[in-house]
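Presented below are the structures under discussion, each in the form of structure tokens.
First chain A sits with chain B, and in the next complex the same chain sits with chain C.
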Partner chain A sequence: MTEKKPQLKVDQLSICYHTKRGDLKAVSQASFTIDQGQSVALIGESGCGKTTLATSIVDALPMAASVTSGRILYYQDQKEIDLLKLKRKDLRPLLWSEISMVFQASQSSFNPVRKIKTQFLDTVWAHDRSRSKEEILQRASELLRVVMLDPDKVLNAYPHELSGGMKQRTLIALALLLEPKLIILDEPTTALDLLTQEKILRLLKELKKEHGFSLLFITHDLGIVSELADKVVTMYAGKAVESAPVETFFRSAEHPYSRGLVDAIPRLTMDDREIVSIPGTPPDMIEQEIGCPFAPRCSRCLPVCKESIPESKPVPGGENWYCACWNPMSGGDACGNHR
Partner chain B sequence: MKNLSVLTYLLKKLLRMVLTILLVTTIIFFLIRLMPSNPIDRYIEDQMVQYGISYAEAKNRAATLFSMDLDQPMYQQYFAYLGNVLRLDFGDSLLSPGVSVMEIIATRLPWTLFTVGGGLILSFIIGIVIGAVMAFKRDRWYEPIVTGIASFLSAIPDFLIAICLILIFGVVRWNGESTILPIAMMRGTYSMQMKPGWNTEFVLDVLMHGMIPILTYMLSQLGVWVLLMKTCTTSCLNTDYVTMAKIRGLSSGKVLFSYIGRNALLPITTEFFMRLGFIVGGALIIEQLFVYQGIGLELLRATNGRDYPMMQGIFLVMSIAIVVCNFLAEVLYAVLDPRIKAGGAAKNGK
Partner chain C sequence: METIVEISGLGKSFPQKQGQPVTILRDVNLTIGAGQTLCVMGESGCGKTTLGKIIAGLSDYTTGSYRFCGKEVSQLKGKEWDAFRESVQLIHQNPYESLNPASMVFDIIANPIRRHRKITKIPELYEEVTRLLKLVGLTPVEDFVDKYPAHLSGGQRQRVSIARILAMNPKLIVVDEATSMIDTSLRISLLSTMKQIQQELGVAYFFITHDLALGKYFAKGQAAMVMYLGRIVEAAGMDQLVANPCHPYSRAIISAAVGDTGILEDAQFRKYSLKDADIASFGNMPSGCPLHPRCPECIDGVCQKTNPPAFTVETGHEVCCFHYQTK
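Take a look at the complex of A and B:
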């Protein structure tokens, strides 16, 4: 593990969508930390608030959503900045030069009527007017070569002339253009075939080693997690229920939900009846019941689970390991602490 | 290679445009002759009613007046007409003997272009600004009101707007003494005593006379632009590339013009050019309401008198304008949107 200075700290963050039926709490009091140079995977079922959380970091929440409480702390040269308190004009210089993001929908992330070249130039000039066109294109070409694309062809192409995988890789190159300290990848490989997926993962690993940026990536694919992550944050119904180092996560996840996710991975050595899925469906996020949101689906549910929400606590004996559960997998410890 | 494909594309297009115009001309030629009555009968009727002369006498007068022989078989007339058109001879007006059709069109057309074109451009500019603003202010209380008014304006016919404007500005005496505008003085294209020329007095007079027709056209078109621009901008606002541009830290001005505006204007520009073709046709009812001496009023007069050459001439100019503007819209769209290449269009368009 690298040095332990934090790069980004999400602290008790809550985000609401205002819908006709009422407020939908997409993220509720989620907390986790990304250290410098660390790669954090954010996992969980569809609709559990992963993307909402990630977009709130770069101030790209949809109009209907708003942050109701919490802080997002970003560390820039020892300085602690609360991104949520920044005005747009103060946040703008940080975006992309400090934090960049590769979107889930990278297929349509480029302006369809302008050449890729122009969009690279626009991005740099938005932050630094003094750099010359040649210099920027030179750098862009280098990065495009790194992601195994032909720079001359890509730079002079319009977005529709590139394939899906090419666009994805172009976007990764664009994300690296200003050498940010933190890159957010929202399902970076979902739209791609396995070979391209593999290529991009290997690429990200190498680039990370070379440039030393931090990575926050969202995925459903635990295979990618095992390959790329240093730390895994499990989200369930808008809450960060467990945060654990990657080996710990796969070996002995504490939260029953995390364990359920790990158990649902098919393995070569087992026959298909042994794949265990988690029964039930995620809860209604508008009319939330009291108690742990996972309780109705949990096999280790205790009476207390239906009465109050467990808080995130360090797991005894674990380092950088937090879990929010009344009755974690390792036994009655957390349970016994209660009342 | 690329130039060659563009050239063949343009040639194909040109050929197709010529064919379209020829087809339209042919249809119009026969259609107007299928209308009941004909110019000579109309003239004879007119003479008999006006001067109380006998049918034979009236027919005699008509024969000396009209050089046209309507007893010829229709196909012969048609080919004679086509031949003349190819020599750019569109004949003389029947109602104003001795004056060529093109001469009349040349004097009438500028007025229509001025009023209808002015109205179109004004409504376009005002409409896209309002539409874009409404797209950004979707959550404000006044947005449904503005959108409602826009829907209302685009739904009611233009002559109704014209009548309302006449009532508001020229009939009702709001303060009990006089109307807002001396509407009776504002008939026609300019005041009788004026001498046409490029001087302030005349220009002001023309503007005064054109004001209400322009306002009418503007209002009748405004709603469409507002709604169209609002829809296009809203759909652009929600696109990933706009979100992405913001995340990339681009300034809001850059996002507004290069990302939202540039894409929202694509379908609207096409629509604008297609409508541009229709301004030559004018608006018959409005020009009649305001007694505005434009091409629409002339067409109405020609139709009433069955002035065949005049009608043919006006319809020909109209169809050329529409076909050319459609072509311009297509070319412009290909220029503005790289996803539609001229070469590709030639391949698909055959």
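Take a look at the complex of A and C:
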């Protein structure tokens, strides 16, 4: 990586779910960038729109949801493509060969009645009919060996014959099959025990170094974030409230919510540190109040917080560091906002 | 200190349609004192939930003995059995499935009181429900009594199920991964409420988790165990265990929890990993020490043959590993 070129840019994206009670703004005007070879962690509590945002990138949103505004820009060989404007037939070749996604329920992502081998072959042939079976299977075996699985055993197995960790690793191998430039991982290691999780994280780091792809991963486990991410994007109530380099995030997050998250994790090695949890409950996403959505739970809430929504602004003195808050942790003036 | 749970040589095996029965728990020994916490850690499928169910009386055991307040549980009948079931309660893992969606919070908590404590007058019930809801921190109480579970967040639901359990005045609460479905931001407040309840009411907890840091926070200064494939491989005080893990498996999980970037944790631990062998399962249990195919310090000719018994490292710290035999 000599210079940083963007791989994917999410620009002012809003996504709505149409429900009986009214429109639920799952994502509202979220913006962030993923550079080439960078790994970005998307964190936030459940129901804050992380998964919705990620699925919109691969056009896999549920029927009830629709993108209401914004752009998702993907950069392919200097060319800028707006994924949301592409026709389905133009988007499909991009999926999996450029952008692949490992879904949350990876345990059930495989077709249960077909052998793993067939599913690898189908994936390649959907993109390139001319490749021979032997060639593909050889590549698949290489990748499976990389994720520390026995290719002969796995390729000839049905999904139910593999354990949860094995399926997850097989899925990661499948995601790498066409050498994509961007891999989206939704909760890559939930349902895995600690040792398998460590193994998969180590593996992803090595693969990233070797193949130079970008990663977008969703998690609420900050331990994984500290291991794998270069950049952390915090989401709250559908908004990207802070985007910061990983060390900055853990050392001195600006947004009170990010800081609250960091302070709320118990750690093994630090003794007698007071752990403080964030008071209150997650917001109602349908009947949203005016002003900052975090204001009712925030200890640094000002009158202005209840009146208008803060915009995302660069934090002075920080590179690639954005925060949307009227009264950030380092003081009201730091973001160029008024007190 | 009064001991309420005494388990020795406990084993559990499940019969199979074909072939040998599969043994899940083997030779489990533990005690829990009144008002104490015992934290059990281990990977998924190592038998920790099965052990929790046996302790809560939801499952029987095949060998060994389990004495609750001095009485053998498998011999309990009638009234004594009812009393045992009342004094041991279980918090389920998933608060989204453990509450009746068609009952109001008031009824969820009041029904067990009506059934077991024979209080039926509404004003008395209301008083009792109010007391319980205040105890678990669901205040103002008026906001919650007429809500349905669907109106509550995961953390609030888990608080309701704790209130329901406290209605029985239990002596022991089995907590089975009760916070794993709850957001990180709400976990700690729930755990501190549980700790506070312990101080006020003196209940004991059997705390099952796979999150080491969470276990350390909750069971600070209390006892802890590490399980691997249905055996307790290391038992010590929580702080002893984290500061000086002895069993290779404990060392590996603590090293994995700390990570190696040093951003989240101060990396004071030496990196320690197990070998990448196939992870053994209950169906195909290795001979000797269950960890030996993955253990980097396996002693040739010893670990493959015999299952190590517990050796004492220091007072209150026992390890099932031959490396500590002479020490």
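As a convention for this text, the second predicted complex is superposed on the first by the 325 of 339 C-alpha atoms of A that agree within 3 Å, B and C clash if a C-alpha of one lies under 4 Å from a C-alpha of the other, contacts with A are read in each partner's own complex, and residues count from 1 in each chain.
Everything below uses one rule, namely that contacts are C-beta pairs under 8 Å (C-beta built on N, C-alpha and C of every residue); 3 or more make two chains touch, one makes a residue touch a chain.
All values reported here derive from a predicted model rather than from experimental measurement.
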Aligned on chain A, chain B and chain C: do they clash or fit?
fit
Touching A:D193, do we find chain B (first), chain C (second), both, or neither?
second
By the touch definition at the top of the document, which applies to A:L162: first (chain B), second (chain C), both, or neither?
neither
Quick check on the superposed pair: does A:T281 touch chain B, chain C, both, or neither? Answer first, second, both or neither.
second
Given the touch rule stated above, what does A:V154 touch, chain B (first), chain C (second), both, or neither?
neither
Specify the partner with more touching residues on chain A, choosing between chain B and chain C.
C
Check the superposed model and tell me the shortest C-alpha distance between chain B and chain C, rounded to whole Å.
8
Mind sorting out which residues of chain A both chain B and chain C touch, each in its own complex?
none
Within the complex, which stretch of chain A touches chain C?
45-46, 148, 163, 165, 191-199, 220-223, 226-227, 246-247, 250, 260-261, 264-270, 275-279, 281-282
Mind pulling up the chain C residues that touch chain A in the complex?
43-45, 153-156, 183-189, 192, 210, 212-214, 216-217, 242, 252-254, 256-261, 263-269, 273-274, 276, 279
In their shared complex, at which residues does chain A touch chain B?
58-60, 63, 88, 92-97, 100-101, 103, 105, 107-115, 122-123, 126-127, 158, 160, 174
Within their complex, chain B touches chain A through residues 138-139, 239-241, 243-252, 254, 258-259, 262-263, 266, 336-339
